[in-house]
Amino acid sequence: MNWHSPAEFFAMGGYAFYVWGSFGVTALALLIEPLLLKKRRSEVLKSLKRELSAKERSQ
Amino acid sequence: MNRTGSIRTLGAFGVLAAVVRRDLLLALRRKSEVFTTLFFFVIVVSLFPLGIGPELGLLRKIAPGVLWVAALLATMLSLNRMFAADYADGTLEQMVLSPTPLGLMVAGKILAHWLVSGLPLVLIAPILGLQFDLAPRALVVLVISLLLGTPLLSMIGAIGAALTLGVRGGGVLVSLLTLPLYIPALIFGAGAVEADISGLGAGGHLSLLAALFALAVFFAPWATTAALKIALE
Amino acid sequence: MNRTGSIRTLGAFGVLAAVVRRDLLLALRRKSEVFTTLFFFVIVVSLFPLGIGPELGLLRKIAPGVLWVAALLATMLSLNRMFAADYADGTLEQMVLSPTPLGLMVAGKILAHWLVSGLPLVLIAPILGLQFDLAPRALVVLVISLLLGTPLLSMIGAIGAALTLGVRGGGVLVSLLTLPLYIPALIFGAGAVEADISGLGAGGHLSLLAALFALAVFFAPWATTAALKIALE
Amino acid sequence: MLTAIDLACIRGDRRLFAGLGFTLGPGERLHVTGENGSGKTSLLRMLCGLSPPEEGEVRWTGVAIASLGDEYRQAVLYLGHHNALKEELTALENLLTTSALAGVALGDAEGCEALRRVGLAGREDLPVRFLSQGQKRRVALARLLWSPAPLWVLDEPYVALDAAAVGWLAEIIGAHIAGGGMAVLTSHQEVAIEGGVAQTLRLAA
Amino acid sequence: MLTAIDLACIRGDRRLFAGLGFTLGPGERLHVTGENGSGKTSLLRMLCGLSPPEEGEVRWTGVAIASLGDEYRQAVLYLGHHNALKEELTALENLLTTSALAGVALGDAEGCEALRRVGLAGREDLPVRFLSQGQKRRVALARLLWSPAPLWVLDEPYVALDAAAVGWLAEIIGAHIAGGGMAVLTSHQEVAIEGGVAQTLRLAA
Amino acid sequence: MNPKLITWKYASPPYFYPLAGKMIPWFALLAVLLGIAGLWVSFFVAPTDAQQGEGYRIIFVHVGASWMSMFLYLVMAFWAGIGLSFNTKLSSMMASAVAPTGAMFAFLSLWTGALWGKPMWGTWWVWDARLTSELILLFLYLGFIALQAAIDEPRRADKAGAIIALVGVVNVPIIYFSVKWWNTLHQGASVSLTQAPSMAKTMLLGMLLMALSFWMYSIAMVLTRVRAIMLERERHSDWVANLKEVRS
C-alpha cells in the first residue's frame, strides 16, 4: 500500500490538481454521456407517445 | 379576416428584439454555425505552429499576433452571412420597407452577429493562449482586448458586408474592403497583449481600442444602413 | 425547328473545355474575383508584420509558415463559390443530367478553380517572400512547393465544398472539414522552404508533396462526384 | 390615396415607360399588364419606394413618398418575385418574423391560423426548404391575412399556385379592397377578382 | 419509351404517392397534375434519375435507368423550377454553355437564332441579371429549340411567361411530340397543346 | 425464409433494437467492474514512479482514452464505409453513434495529456507529433459531427458523413507521419515521450484494465445511442409504434 492516510492519498504527492483534474474530468465525462443519452432517449419516447396518442385520437 | 382590433403593433425595440431573436434562431437552426466560427478560429490558430515549427520560444513571441489575426479572419469569414441571405431571398427589401428605422434593425443584426461569432472567440481564446504558453496576466489582457475588439470587428464588418451585397463574388471582396479597416483594431489589440508581455503595460493600447469602439458604435450602423439602401436601389 | 442534321455533339473533352471556359468567363465577369483571392493572400501575409512586430530575424523565421498558411486560407475562402452558385441556380442538376461523366466536369471545375485562385498565388508569392527577406533559392523552392501544393488544396477543397452544398451556413463548415485535411500539404509545403533555408535540402518534402498530389488526382474527383450526387438527391 | 405623376423608367439604354400616371383611391385596384420585360416589376418597385423614378413622383395622400419615410412604409405591403423566406426556418417562424419586420406582432396562434387558411395545416413546423414551390408562395402570402397595410403591391401573386389557391387568393384580395383597401397587381394569368373598382394599366413593351 | 413501375415517394414522414405507374411512348405526352405539394416535382426528378425512388423503378426502352447511365441522360432534357442561369453571363453565353453541358455544340449563329425565336432579339448580350423574370425563363426555354433529346421533362414551363410566350411554347412542345418526341409536364395553368396523344396523371394530395 | 433475409436479419433495426437492448446492461456492468478493478490497481497496487512521483498515475486514464479515440475513429470509418457501399441503414447509424464517444475520448486524451504535461514538461502543451495529430483527430471527429448535424435529411447526412469519414481515415496516417517528420526534423530531443522501458507489471495491468473498461463503456454507449437514433429515424415505422416502451 502506498498511502498512509487519506490526506496523503488525496494530496497525490503534490500532484493532486493534475491527477484529480484528469481523473475527475474523465469521470465527469463518462457520467455525463450516459445521462445525456438517457435524456435523448426519453425525449424521443415522449414525442413518439405524443404522436401515437394523437394518431389514435384522430382515428 | 378581422384585420383591425386584435393586432398589436411592435415598438422600435420590439422590432430590434425580433431581429436579434430571429438571427439567433437562424444560427441555432443551422446548428453547426455557432460552433464552426469557433472551430475555424481554433484550427487557424493551430495551423501556425504547424507551418512555423514547434519551438515554444518563437511561438510565444508570435502568439498575440496569431491569435488576433485568427480572430479577425474568423469574424470576417462569418460576415458573408450577415446580410447576404436576407438580400438574396428578399427579406432585406422587407426590412427597408419596414416602418421601423433601418438603423435599429441593422444594430440588431450586428449584435446578433457578435453574439454568434464574436463572443465564443473571446471565451475560447485563453485556452489557445495556453497552447502558446502565454502567462496568466497576458491571458487576461488578451481576453479584454478581444472583448473590446470583436464587437468592433462585427461593426466594421457590417459596413463591408453591406457594401458588397449583390456584387457577385462579394465573398472575397468583403475581405478586401474590411481587412484594411481592421488593421487598427489588430495593431492595438495584439499590441496590448505584447505590451503586457514585455512589461510595458497594456493600458494605452486598450484605451485606444475602447475609443475606436465608441467611434464605431456611432458610425457603423449609419454607414451600414446607407450601404444597404444603395444595394437595393 | 430542324433538330437533326446540323447539330454537332460535343465529345467528353469538349464538355470539359466548356466547363473550364464557362468558369473562367464567370470569374472574369465577376471582375473582382480573380484579384480578390490574391489580395486576400497579400493582405493576410502583410497583417503578420503588423500583428507581430517588425524584427526581420523573427519574420524570416516565420515566413514560410505564414506564406503557406495564407495560401491555404485564401484557397479555402474561395472554395464556397466552387459549386454553391451552380447548386442554387440549378446548373448542377443539369451537370448531373449531362451525358458526359460528372467526374470529368468536376475535374474541369477544379482546374478552373486552380487557375483562378491558385495560380495567381503562386505567381505573387516570390514578391511577398522578398518582403520577408527570403533568399533567392528559398523563393524558388517556395514557388515549386506552391505549384505542387495549390492544386492539391483545390482538389481536397472540392470534396469539402461538395459536401457542404445546400447545408446552410456551410461557408464556415467547409473550413472545418477541409482545414484538417490540408495539414499535410501545409507541413510539407512550408517544411520544404524551411528545410531549404536551414540547408537540409527540400527534395524530400517536395517529393512527398508530389506523392500527395498524385494521390489526390485519383481520389478527389471521385469523392467530389459522390458528394455532389448526394447533395442533389 | 396613391398617385403616380408622370413616372419614367430607364433601364440601361431602354426607356421602359414615360409619362405614366394614375390615381388609386380606397376600394380600388390597379392591374398592371404588359408583356415580359415591359417594366411591370420596375414600376411596382418604384411605387413602393424601392427604386427612385427617373422622372416624376409617387405621392401618398398627396405627399411625395420620398419625404414620408416610415409613415408610407407602414402603409405598404410589397410581395415581389421573391418570397423573402428563410429556407432553414419553419413556415411559422418565417411568417412571424416577416410580420415582425413589418411591425406586426403575431402570436403563435394567429400565425398557425393564417397558415391553416393558406392550406398549410400540419406543415407549420417544417423548414421551408422542404416545401414545394407553391407551398413556399403560400407561406409568403400568409402575410396578407394579418397585414394592417392599406396598400398591397403584389407582383405576380398567383405564380406557382394551384387553381384552388388562386381562387382563395383572389377572394382575399377582393375582401381587402371591398374593405376600403387598395391593391396594385400584376399577373399573366386572367384571374377574376370580385368587388371594388378595377383599373387597368397596360405597359407597352 | 419511358416506363414507370410501381413508384413510391416518401418525403420526411409523408408518403406522397405509391404504386404509381405509366408508359409513355413516342408521340405521347404526360400531363402530371395535382395540388401544390402533391409531389409533381418529386416525381419529375425521379423520372430524370436525380433522386432514386423509394420503391419501384423507372425504365427507358425497357432498361432500368440506374443501369443506363449516360445513355439515358443523353435522352432527357430537364427543366425545373430553377432556370439554371448564371446571372452574370449574357443570355447568349448562358444558352451556349447549358447546351454544351448537355453535349450539344451550338454556334453563335444558332444561339442567336434560338434567342430571337424566344423573343429576346436585341438582348443577347445583356447579362441575365438585368432581364425580367419572364425573360429569364425564356432564356432557359431557348434550350428546347436545339435539343436532340427525345424526352422532355418540364416542370411548370409556363411560369412567368406572358400569354404570347405561353402560346409559342405550347406550339414548340406540340411540334416536338408530333415529331415523335415525348414530354412529361406539369402546369397549374390550362394550356392546350396541339398534336400527339395526351395522358394525364393526377396526384392526390 | 429467404437466405439473404437471414443473413441480414440482425442488420435490420427491428431485430437489432431489442438485441442491443439486451446487450447494453452486460457491457455496462463489465465496464463498471473493470473500471473498479482498474482504479484499484491504479491507486493502490501500482507503485510510485521513481522519476515522476505520483503524477504519473494520470497514465491510467490517459493511455486508455488515447487508444479509444484512435480505435473508435477506425470503427466509425468502417461502419460509414459499409453503410455507403451496401446502403445498409444500420451501419450508417452505427457510424453516427460512434462519433460523439470517439470525440469525447479524443478530448479526454488531450485534457489528461495537458494536465500531465504541466508538471512533467512545465507546459500545458507542446507542438509534438503525437499531441498535434491527436488534436487534428479531434477536429476530424468534430467535422464529421458538424457535417451530419448540418444536414437534416438522415440519408443524405449518412452518405455525406461517410465520405468525410473515409477521406479522413486515408488522411490520418498521412497526417500522423507528416506531423512526426515535421517535428523531428526541426527539434532535437527537447521533448521526448518515450517512457521508461521497464514498466512495472502492475502499471501495465492498471493501464490494460482501464483501457478495457473504456472499451466496454464505449460499446455500451454506442449501442445506447444507436438505439435512440433508430427511434428518431424510424419513428413512423410500425415496429417502433409497436414497441412496448412506446405503447405503454
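Each chain gets a letter, A, B, C, D, E and F, in the order it is written, and its residues are counted from 1.
In this text, a residue touches a chain if its C-beta (ideal position, glycine included) is under 8 Å from a C-beta of that chain, and two chains touch if they have at least 3 such contacts.
Note that this is a predicted model, so its numbers are computed, not measured.
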Once the contact rule is applied, which chains count as partners of both subunit C and subunit D? B, E
If you tally contacts for every chain pair, which pair is highest? B-C
Go ahead and note the Å separation of the Cα centroids belonging to subunit E and subunit F. 49
Taking the mean of the CA coordinates per chain, how far is subunit A from subunit C in Å? 44
List the centre-to-centre spacing of subunit A and subunit B in whole Å, with centres computed as mean CA coordinates. 35
Residues in subunit A with touches to at least two other chains are numbered none
Could you list which residues of subunit B touch at least two other chains? 30, 32, 36, 39, 43, 50, 53, 85, 168
Which parts of subunit E, given as residue numbers and ranges, touch two or more other chains? 81, 87-88
Residue ranges of subunit D in contact with subunit E within the complex: 11-12, 34-38, 40-41, 81, 119, 123, 126, 130-135, 137-138, 156, 159-166, 188-189
Could you list, by residue number, the parts of subunit C that touch subunit B in their complex? 27, 30, 32-33, 36-37, 39-40, 43-44, 47-48, 50-53, 58, 61-62, 64-66, 68-69, 72-73, 77-78, 80-81, 167-169, 171-173, 175-176, 179-180, 183, 186-187, 190, 194
Within the complex, subunit E is touched by subunit C residues 1, 3-4, 6-10, 14-15, 18-19, 21-22, 25-26, 29-30, 85, 88-91, 93-101, 105, 232-233
The residues of subunit D that touch subunit B in their complex are 48-52, 70-71, 73-74, 76, 78, 80, 82-89, 93, 97-98, 100-106, 110, 117, 127, 145-148, 172, 175, 179
Listed in rising order, the residues of subunit B that touch subunit F in the complex are 30-32, 35-36, 39, 42-43, 46, 49-50, 53-56, 59, 130-131, 133
